[in-house]
Structure formats: C-alpha cells, structure tokens
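After this come two complexes, each holding subunit A, first together with subunit B and then together with subunit C.
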Partner chain A sequence: MTVKDSSLLRRFADRHGYAAVPLGLLVCLLALAAVRGPHLFTSDGAAYAIVSAAPLIMATMALTPIAMAGRGGVDLAIGPLVGFVNVGLVFWLIKSGVTSPLFIIAFAIGVSVLFEVVQGLLIAGLRLQPVIVTLSGFLVLAGVNLMITDRPDGMTPAWLTAWGTPTSVLSPATGVLVAGFVMWTLIARTSFFHNLRVMGFNERTAYASGVPLVLTRVGAHAIAGVYAGLAGVLYTAVIASGDPAFGQQYTLIVVTALLLGGISVGGGRGGALGAVVGAIDVFLISDALATFDFGAGASFVVQLVYGLILVLALAVGTVFARSGLRRRPRDGRVEVLA
Partner chain B sequence: MTAEATSGPQDASKTARNDNVDDVICVRDVRKAFGDTKALQGCSFTARRGEVHAIVGENGSGKSTLAKIISGVFPADSGTVELQGGTPSSPAHARTLGVATVFQEVLLAEGMTVFDNLFIGAEGPRTRKGPRAEQLRRVAAVFTELLGEALDPYGLVDDLPLSMRQWVTIARALLSEPRVLILDESTAALDHSGAERLYEAVVRLKAAGMCVLIVTHRIEELTRFADRATVLRNGVDVGTLEGPQITQNRLLEMMTGDTAHFGEGAATAALPPPVPQGERAPVVRASGVRLRHGAAPFDLDVTDGEIVGVIGLDGQGQAGLIQAVAGIRPAAEGTITVADRKGNELRITRQKDAADAGVAYIPGDRKLEGTFPNLSILENFGMPLFRTQRSGGVIRFGAVQKAFEEQRAALSIRLNRPSAPIGTLSGGNQQKVLIGRALAADPGVVVLNDPTRGVDISAKHSLYDLLRRLSSQGSTVLFLSSEIVEFIGLCHRVAVFRDDSLFTTLQGEQITVDGVLAAMFGQADGIPGKEKELGS
Partner chain C sequence: MDPTARITIISPLKTDTDDRVLPGRLRFHPPLPLTFGQSASTHAARAQKLIAASRTLSTGQMQAPPMKELTLLKRTQLALLAVLAALVLAAAGCAGSNQNGAGSGTPKSSQQGLKSLPSDIRAAYTDFDGPTGSSPFANFKPKQSPPWTIGYASSYAGNTWRSGSLNQLQNVLVPAYKKAGLVDKMIVTQSNLNDSTQIQQIRQLVNQGADIILLCCSSAAINPAVTYAQARGVPVVTFSGYTSAEGSVNVYGNYVQGGAAMADFVAKQMGGKGNMLLVTGIPGAASSDSVDRGVKKALKKYPNIKLVGTVAGQWTDQIAKTEVLKFLSTHPQKIDGIVTHSAQEIGVMQAVLESGRKLPPMTIGGEKGAACYWTKHPEWKTRLFNVWPPGSEATGAMSIMVRILQGQGPKVQSITRNLTEYGIDEVRAITPKGCDVNDATWIEPKDWFTEKYLDNFFLRPKAPLGKDIAVPGSGSTG
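Our next item is the complex of A and B:
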C-alpha cells in the first residue's frame, strides 16, 4: 500500500467515519426490507421508494449545514418551510397560471433561501439562540400556511405531477437528488465549507483564526434554503396539491433523519452522506412497519419505533466509539472498521 | 495575499505619521477596560520589521490584552493601532494586514485533523489556495523546520499532547506567511528544548525580515535574543529597553517597580523549611503503582511537612501521579493511600476518597479544570464549601463569605467586588482564588498541578511562601511544575518522572537545575547530558 493510498483512505475515514453507524443501520434495514417488503427491490418498487423518500432526503440535507455550523443549530422551521413552499407554489403561482418549471423551481428556492438567510442573520448577526429563532420561524410559517388556505386543495401542472409518479428509477426526482448531491460535493471542496466545519467544532478557534463567522453561518443557512426549496418542489410533486397542515410533524421526522444520519447537532461532524443515509433509514423504517398490521395505531407505533431506534443508534455509536473498536490508539488516528 | 492589501493607496495622514517605513506596528495610547477592570490605561510602542520585540510584564499588566487588540480580537476603547495598511478591526482583517497570532490558549478545532487545523481561515471564501499536494509539501516543510521532523498531517489533533498542539498553532501562524508574528506566551505549553527550538526559529524568521512580537513573563530566555523589550506595568508601558540593556534584573525592576525585592539572585528562594526529625509514618503512600498498563511500577512515600517537587519532560507521567493522588484519574494498577488528620489510611480510587482524606487539588489549567468563568468570584471560591456550610439544606452564605474574606486577606487577592465574574480577574488572581478555595477546607495534603503557569513573579513568590507555611504547619505538599528553578530552595525532595514511571528521587544538594535536568533526560547520576533527542 502506498502512502498516498493510505492517506486517501484515512481522509475518507476522518471525514465520513461519523456515518459508520448509520450505514450499519442501513444494511440491517435493507435486510429487513428484503424479508418484509421485497417489492422495494423490484424496479417499480425502487422507483416508488426514490420518489417517496426524495423530499425527506432533500430536507435532511437542508438541515445538515446548519447542524454542522454548530451552536446546537437545528432548524425547527424546516417542516413548515417545506409546507410553505408547497402551499405557496400551489395557491400563489400555479393558481395564477404560472406553470413554467423554471419559475416554479426558482420561486421555491428563492423564498426558502430568503427565509433561511433571515434566520441566519438573526442567529449570527444578533447572536440570538438558534432554537428560539427557528422555533419562532416554525410558529410563524405554520400560521402563514394556514392563512393561505385552511384545507388541502389545488392541483399541480402535468410536468410536476409526472415528477411525483413513480414510473422509472431514472425519474426527474432521481435527477434532483443527484444534482443535490453533486452540488454538495462541490461545496464541500470549498474553503467556505472548511471554515464552516471549523466553526462547528470550535467557534473561538475559528474567530481567532480569521474565519468570518457571520458570513459563514449565514452561508450555511443559504445552502439550507436551496435544499429546503427543492424538498418543497419534490414534496408538491408527490402530493400533487397544497396541504397547509403539512410540516409540523415533518420537522420531527427530518430531525430524526438528521440524527440517525450521525450528524452532530453539536457542530462539525456530518455531511451529505449521513443526511442521505439517515433519510433512507427513516424511510425504510416506516416502510417496514407499514407491512405489519397495527390498525388504527399505526402512526403511533411508527413514532415509537423512530424514538427507540434513534436512542439505540446514538447509544451504539457512543459505546462503539468508547470501546476503542473504532478508534484504536495506533499512532493516534481514526480507523473505521466497516 | 498580504501584498495587495498593503500596496493600495494610503490616505496621506497615515503615511505622513509613519515616517519610518520599518515601523510595522504603531500603538499609540491604547486603552481598554473590561467592565470594572482596566486592562490597558494608555499604552504605546512601536515595533520594526526584522526585529524581535518582547512585550513583558507581570500577570494582569495587560500584555495579552495588547496582543489581542493588535490581532483584532478586541477593539481598543481609545487610542490607535496602526499596522502598515490599516487598523485591524477583526481577526480576519488583521490577517489580511499580515498579522498572525499564536494565542496563549491553544486554539484548535478538536475532532479535525492537523491538516484541517492548519488552514483555518487561511484561504479566500471560494476555493482552496493551491492544490493539496502543494499544501502538504508546505506543511511538511514548516514542521521539519520547527520540529526537525514531519508531523502526520492526517492525525486528529485530539490525540496530540499539549506541546504538539501548541506546535500546530505555531505552524498555522507561519503557514499564513505573516509580516508580523505575535507569540502570546507560546512557550507555556512547550518543554525546555521545545522553547529553545521555537526561539531558534524566531531568530531565523527575524533574519528573513519578519517582525516577531513575543508576549511573555518568562524573562530568562528573552535576554539572549530580544532586540528590544517594552515593559508593561498596570496597563501602561513603563519603558523600552534595547539590546544589551535587556537584563533579567532590569526587566524585573521595571515590571514590578520594586528594586529592593528583586536584586541579585532573587529568583531562587531561601532554604526549605526544616522537616521534623524522627520516625514518622508517611501520609501519602504509593505502592506498586503503574500509571498505565505496561509502565514500570513504583513506590513513593511522603511524610507530613514535606514538600515534594514533581517534574518530568512533557507527558512523562508526572501529571498522572498528581491526578491519581487527587483521585481524578486512578492509576492503572497499585494502591495510593492517604492518611487523614486522624491517622486513618484511606485508599484513593475516586475524587470523593481524596476529599475525605483531606487532599486539596489545585489545577494548573484554570480554564479547563479550575474556574467557572461566568460565575462570580465568591461562587467560584465557595463551590466545595456549599456542601459543608449549610443548615437544613440551605447554604450559609455568611460562613462562606467569612471564609472568603480570610483567604482573601491571607493570599492578598486583588479584586473589586466578590460578586463580579471570576473572568474579570487576571490569571494570577484567579489562581489565588482557586488556591484559597482549596485551603479553605483545611487540607492535610495539598496537590498542585503546575499552578504557576501563566502567573507572574510576585504571585509565584507568595505561592512559595504559602507552601512553606503549609509545610511548617505539618501539611504535605506535592508540587508539579514545569520549571525546575521553582524547586530550588523550596522542595525537600524532587520526584523525576520518565516513561510514565518514577525515574528517580533527588534530595538535598542533589536538587540543582543541572541535576534535575539530567534526571529528566534519563541520567540517574545527576550529570547533565548533552544529547536532546528526547525532546518531545
């Protein structure tokens, strides 16, 4: 093994080692899915899975840069924000006859970036607590959504409906996911992203070393806005209407996916890989549970299982890290056994 | 990066005042207050390109504040700071003006690799500066220059000892290719040979035209290579010495404003207090102790009234003994017992055992182990008393207050009001509060973990006096220090550690700087060694 190879491997381990437990969980869940719902492994089933999971994946990716920026930043407003994009698109744009894909996507990204930048400025500029700012954002948007419409209604243009119809694995939803992932990979190569991680790990060090804190944190929120907007478009495609009540539960599911993805809300640790894996984990859990017959209590059982798996995953991750399985003191460096 | 920031058109007033083009830092009448504490009260100095300029002063004299103002961390309340090209308004701006600072606190982002930590903030917002291979080459070059060997760039900083972390912050500063390098107490975390290497590097940088600002209270080394030294006292510059004028006694005189007390040979203390003669049972007993699995076992007995110095090169296990006696981190194998005042021997396996046995622990790393910066001075002081001084679950603040007043008078702690946050005190005074906290419980054994790091000379001397007093009252003292001089005339014995085990114990006339140093480098016979390959 050459020096270069080992350093590449180690760089990968340092950067993505946090995702070891989420990936392990993914393998378990895929095994469970193979038993309980083998339809997921057919081409139709996979197409359905991608379309259904895509909004959640995008929303989880939206939370990732904010969580990585540290200060315990979890954007609680993410659910209502995706919901706002949904009702905004359906009741403002589409109802007034705007159906161009370009306009719709630009609107979706535009409003959510705007919203996130405002949140970011409040958090970074005025140094308000993230939980207060995003809880306020949650309440405001949840209210606004219900002001726009008090019940699910409306319809979507043909192209958007087609996006939400699972026909092939290579659907537009897949395209959006790939684009989102590629965009992340590009961002992750910038020094902006490096500064973001440093800030998440240690804000004092970052400041003293000349990292522009406000700019970096607002930047994290702006990136979150892009992904939240795309999540809104994909979600609108799936339900093919506008639903004002959507979003309040969704926040909890997205946060669950974020944490299951091994992304530290303490800052620094995380990435798109974790976000995607975490979101798929959440999707597979709910899909597997749907194959059981829990009757009227099904949704409660799903929440219960989310909670249990979340605690279990974090506990396993912690024990794993402490037991020295993952971190052997070999010249003091991180090794991932996976 | 710095070139374009400085080559732009300057406004006329600025260039007119900088009549000497070599003046890279121009500080005029800078004032800065933190709440009630006035850190700087009108401080001025100039530093030129291609010189090593020392800023010296006691703790609380404002030198670190001055360094932080030049680095853009704090804005000055009044006065001007001019670097060629402007006044730094933030660390990021200072950086574009060509200032790189190694702060007293070892600032690293834990959880990230050495490589990641080296390039924090060093690049523009869009792309990495240069390809990775080029960066790696520069990293290797800088570490080879500083340490004589390359450091694994993809290791996590968490796994490095404190001294290596300090080297990482130094390398980070150098990698930004500054015109002004500020070293704020940067030798504090380095051992003796590490400090020497840093000073060698400083001399090379100076020759290359850099302005190196060394902020320190460790004046012994400065006399050899500082070109000029500006002395601060109580937030005011009391004078600048040049070249041969820079002598230890002259600096001490100016720092303290006290010529009588720091005459010839004042750095060494008087004789250690006599230890009562006769057969006495040991108070602290370590038997068959291994600090880590695989390390050699050792025994150590310390009796009452004894002051035992504990030392070793960086990370050789000396802190392990201190922490084991204090019950903070138990030894891997073996037993440590401490006899309480009644003579009962208690085995120490956790912190509560140590507290029950009357062991007081005084930490050196105030930020990490000592203080709660947001709580008041009184609350920081009373922390352990809250458990004992209470009736029916309610804290008797009167008793705590009384104990505080006693210690404040005994240790002459300087403060405005006890309800102010402890962060408003200088390092030395914070340390005194911690010492007072430990002594208020009337301990039989006092364990100190490098308590004089970052503390000025007069605070040191009052600590030595205090330890002597404790010793003559029959207390047992274990005193870990990184500076050998502190042991001379103070300690009855010095325990030298190597490879996580007790290497040798020196006593009486064996306790000399050369003797202890030789033992630290592994020579039991006390002959100073020449080789220094064991550096870190």
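Our next item is the complex of A and C:
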C-alpha cells in the first residue's frame, strides 16, 4: 500500500474508518427495527424519528470538536446547556412576545457560543482541567435553569411547534440537520480543522508545529456552541415547552452517543459522520427496546444495554484499530491518524 | 487535498522524535499567531522556519510540510458558508412571517367543564392547578371493541411510589379487567426521566396499536406526544400529575390543597411560631412544585413562622436522610416543625433522630415505617396525610381508562379529589403490632377514586366491573 493509492473507497476508509463499528451497529439496529417496529419505515414514522433524534444528533456533533481537541475534553455541561437554551427561549424570549425565528435561532446560537467560548477560554487560557470547568458549567447551568422556572411550563410559537410535528421526512428539522452536516464538511476542509486534529493528538507537537493552541481550542468550543444552540432549538420544538429539569440525564446520553460514534475523547479522532451515526444508534437502541415489555425494569434494561453495547463497540473498535496499524505501515511510518 | 499529505507534519514528530523536537530553545519560541485574517504566506513562512529549526535537531528523514496544508479558509468555502447561513436564516424568516403567535399547548381556561359537575364535587377544585376545561372525549368512540390494549409510558421506576403503582396495575388491576374481558394486555415502557424518550415511546405505543395511553406524573413537555395520540384517535390518561394538552384526562388528588393542609397542621402544632424545615421532592417536577405552592400559601397565614430551609429529598428515603442530616449539621438552631413530601419521611425521621434531636411536629405520608414508629411513640405530634397514594391513584386511572373506552364520556379534563388524613386511631387499626419502622411500602386511604365518586365525572356513568377493586394496604376490602 503506498501513499499514492487514493481511490475513492480508500480515501473514505482513511477518513471515516473510525466509524466502521458504529456503522455496522447501525445496520444491525435498523434490521432489528424492521422486525420489531416496522412503523419506523413509514413516512410518518421516519419523519417523527428524525425529529426525535435531531436534538441528540446536534448535541453529539457539538461535543465532537471538543473531544477532538484532546486533553480528555468532554463537555459535561452539554445537557444543561441545551436545557438552558430551551428554558431561555421559552421563558425569556417567547414569553415576552419575541417569536421571530430569526431572533430565536440567533439567541440560541448566541448564548451557547458565548457560554462555550467562556469555557474554552478557561480551559485554554488559564489551563484549567476541562473536566473541572465543564462540571462547574454543568452545575451552574442546572441551577440557573431552575432559577428561570421551577416547573415545566410555557409554550412555543406556531412555527416552532410545527417543527416538532412534521408531516413528511423533508421537515425543517431535516433541513437543520443537513445544514449542520454541510457546515461541518466545510469546516473539516479548513486548516483550522487540521490544526484541531493535530492538537488533539499531541499538544506539544502541535505547538512546535506552529498551531495556535488557545485560538484552536476556543474555536472548537465556539463551533460546539453553534451546534448546542441548534440542539436547543430542535429540543424546544420537540417538547413545545420549557423544562428546567431537563439536561442532567441528557449529558450522559450525549456522551454515550459520542463514544458509540467512535469519537475518541483522547483527542484527534472523530468527525460528524461518527457523531451522527452514534446518536442514531443510541436513538434506535432505546427505540427497539421500547417494543419489548420489560415492566418496571425497562429503564434499567435500556441503561444496561447502552453500557454493554458501548463496551463492546469500543472493544471491537480497538481491535480493528490495532490490526489496522499493523497492516498498513506507510513509508516506514506508522499511520497515526484515522 | 490528499488526506495522507496532511499528516506528514505530525507523524514523524510524534512517532520518531516526540521529545527531541521540543528542546528548551524551541519550547520558548512564541506561538505562531495564526489568525483567519493573516495572510497565508506569512504564516506558512514562519511555520516553515520553525519546522526547519526542529528538523535540524531531530534525526532527519523528515519532509518539509506541503505548503497547501497551511492555507487558511479558502474564499470559496467562506462564500459557501455565508450562503448557507443566509439560506437558513431566510428559511427561518419565511416561516416566521407566515405564522407568528402562540401555538399549541395552551391550557383551556374555560370553566365549562367544571360547571357540569355537582357542586359538592366542585369544592375539590379549590386551588387546583390542572386544566379544567370540558373534555374532548365526551363523545369518544374506540376504534375497536374490547378487550383493549393499554400502553403505559412510565417515566421512572426507581422509588417505592413507582413500584407501588406499577405493582397495583400489573398484579391487581390488569388481571381483574382481563377476567372481565375488558383489557387484553398492558405494554409498559420506561423513559428514566427523559422527556424526549418518553415522547418517542408514547408515539411508539400509539403506532403499536394501543387503544389508550396511560402516563404517570407528566410535565408540559409531553404535550406534543399527547396531541399526536389524540390526532390518531388514542386518548391519554395521566395519573398523579397533569399535562396541559387538551387530549389528556388527568387523574390526581388536589396537591396544592394537600400541601396547604400539611403546612397548616405543622404550623398549628408549632403554636404559630418558630423555625420550619420543608423537605421537598424533585425541584422542577410539577407535582412536587404543586405541593410546595400549597405549603407557601398556607404559611402566609403564619407570619411568625420562619421557613429556615428547603431541602430536596427527591422522594427517596436515602437522599432525604442525607440532605436533612446535612442541613441539621449546618443549622444548629432549633427546628420546631418539619413538612415533608411523602415517600421520604422515614429518611427524614432517621436523620432527625440520628442527629440527636427530638422529633419536632412533622407530617408523614404513606410509608408504613413512619406510621409504625408513630404507633410506638404516640406522643409524637404528627399526622398521616394521603396526598398521592400510588395504588389508589392507579386504580382510579384504570377505571377511568376503561370508562373512556366504553364511551361513557368524561365531562372535564381533570378529575381530582380532596386529600384524606389518618389520625392515630386509624393508623393503629391498620398497623399490626409487629410492624417494621423501616418498611417503605405504602399505606393507602380507605376510599380514593371509588367507582361511585368517579360516576360524577361521566355523562353516561356505569362502573366497569360493577364494584370497587381493593387496594392492598388500605385496610378496606372494597
């Protein structure tokens, strides 16, 4: 195998090889869904499935650049942040009569980018541990959400409610997903993104190679903020109200999706494909399990299965990665990316 | 861009000479100020210099980085991004200009539904916080004949309350209605307090052919799923909580009144003055908040009572115990009274006793252990309040579901009742001598949503089984 071998398939495998396991899992889950809940494959079922999974997909994409930036960066605050966008939209903007989509989307993206940039500056500028910063962010936002409102309530403007009740697969939520994906592929072509990956693999080497560490890390957080804001808007559309208690459990689900998507929290490895597939996997697991009647134990069965599949997926992924390393030495150098 | 070219900057540095390329001289080299505004060539030149320097220090065999790798965001890509952003905003703008204003999810403010109820029943609705419009299922006809399938979208299963209600549903109610040929089966899903999962599960239950959906302890977030079910001819019954959506019939006690009665009792026992502690449930959960509203409302009458603290016991004994212990150890002043939600009073009780204090006037709810302690220490100023008995509320919900499917026509969106209280004599009557002070199973009220009481809420009433079903723990045989 030489460097010059760059057939389309080869390039795809190089770039997205990390997502092989989640993609395989996706195929299995779709087959299971076809047997257990065929309604998923009707126009109505698919439309609702997309809308239901959309916030999770966006939130997982938000975590991706932060995870890729390395230093064990998993943004624990993601759940409460999406929740904050949700209650902020419903109880500040919509309650005071602001219902224009322009303002609502701008507000959602604005506040979450601001929050993420502050987190990024604390992590990169002051060199605080990411886990400490994001855990603080988690606690602060969870508290702020309950200060904004102490019970789930409120309503959404008609256009946003309509987003949550799609009539076909080509709904606004699908549009937002596609836009998010396109935005990612564009970002992935910039040198900023290359810097991000280099930094994720080895910060010292990146520094020596001229990568501006602070700027790149804050940039990763800013991108995460955009996706978190969109996740907040989509989640608000799904529940058509504001829920302050939402968010605490959500972080766990998003992190599960991230890991299931093959994205390494060690940094460097990952991408939008993995995030999307991981999120859909998580959605389909809970979807498939809901068709079985486990009675009182159902929620624990779901968590148990998440855990088992996660460990299994990581194990299989690691075995693949090892054999890949042995098989494809390049010009005497070990392939460390992908 | 060839993906393999990209890595040439890093691979050799990382794999061959990771430590050697970062000698002291380089470590203190100022970082390259790579910004989007800077011209590519300047940056590339500086990077080249740095890497050349590092190369001289390493063992060689290194390639110069391809220049194109360091080019900044291309103009075409920037333009594409801008166009994309503009498109999203424009699409959003269009959607908004067409239809602004509030959408679904408005609770029906009409009092029409309440007016159709007998006046003595209407009294139970004082301070009630659920929707009280007329029900859209007054003329509902089911899609199929009995036996029907029930979908139960439960949101949590991790405490004694949830297991109490599920146990009553699965082991008592479903078999009884099955025997009568009214119910075929009940499918249970659990969402572990995740609203979006519960929404998805409700839709799935509808799609799987459930004739009616049962929800527990829901919030406004579930409204879209209730509307989804209603649009497909599937009514939703919510017990121990409410949704403000029109398509749900809500069945629960008047929790605001319950909270007020509990606070009133403790305040009176305190002599109208002193320090009070409130042990609440889950902040943000609607029924938890309803009780707290009642407590705060009642306390307005007692200006000399100071609410010195509110801790969240999460309706779980272990958490309540930890939280109250924490509170007591940081608040040395005397606590003259405690109001606590139920399904955590054993924990509160243990915390007070373990801290070496005397049990102040306090409320208890359905946990048998607390009632047991009371029968052994009758001097304790307490009272048992039935606010949300799990088995009884589930029993009421089951009857209401079958009545709706039978086309009996519910009159109002929410069905409620006053709370009941047990004094020491009633508690003694249902508590055996050899009781256990740690028993966390539930005491149920004698009568809660009886068939006779429920008849008041239907246009064409008829008890589905012709009799009441006994609730274990209530001491009544039904």
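Throughout what follows, the second predicted complex is superposed on the first by the 312 of 338 C-alpha atoms of A that agree within 3 Å, B and C clash if a C-alpha of one lies under 4 Å from a C-alpha of the other, contacts with A are read in each partner's own complex, and residues count from 1 in each chain.
The criterion applied here is as follows: a residue touches a chain if its C-beta (ideal position, glycine included) is under 8 Å from a C-beta of that chain, and two chains touch if they have at least 3 such contacts.
In this text the structure is predicted, and so the values were computed from the model without any measurement.
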Which superposed partner A:Trp159 touches (first subunit B, second subunit C, both, neither): second
Partner touching more residues of subunit A, whether subunit B or subunit C: C
Which superposed partner A:Arg269 touches (first subunit B, second subunit C, both, neither): first
Touched partner set for A:Gly210, first subunit B, second subunit C, both or neither: both
First, second, both or neither for A:Phe294, with subunit B first and subunit C second: second
Touched partner set for A:Ala179, first subunit B, second subunit C, both or neither: second
Contact residues of subunit A, present in both the subunit B and the subunit C interface: 11, 14, 189-192, 194-195, 198, 201-202, 204-212, 215, 333-334
Residues of subunit B that touch subunit A when the two form their complex: 71, 73, 90-92, 94-95, 101, 103, 105, 107-113, 116-117, 119-129, 152, 154-156, 158-160, 172
Touching residues on subunit A, where the partner in the complex is subunit B: 7, 10-11, 14, 189-192, 194-195, 197-198, 201-202, 204-212, 215, 268-269, 329, 331-334
Residue ranges of subunit C touching subunit A (in the complex, touch as defined): 1-7, 9-16, 18, 21-22, 26, 31-36, 43, 46-47, 50-51, 54, 65, 69-74, 77, 80-81, 84, 87-89, 91-93, 95-96, 98-106, 154, 156-158, 162-163, 166, 170, 187-197, 199-201, 203-204, 207-208, 219-224, 227-228, 282-286, 289
Residues of subunit A defined as touching subunit C within the complex: 3, 6, 11, 14-15, 37, 39, 45, 48-49, 52, 55-56, 94, 99-102, 104-105, 145-146, 150-162, 164-165, 172, 175-176, 179, 182-183, 186, 189-192, 194-195, 198, 201-202, 204-215, 235, 238-246, 249-250, 253, 283, 286-287, 290-291, 293-300, 302-303, 330, 333-338
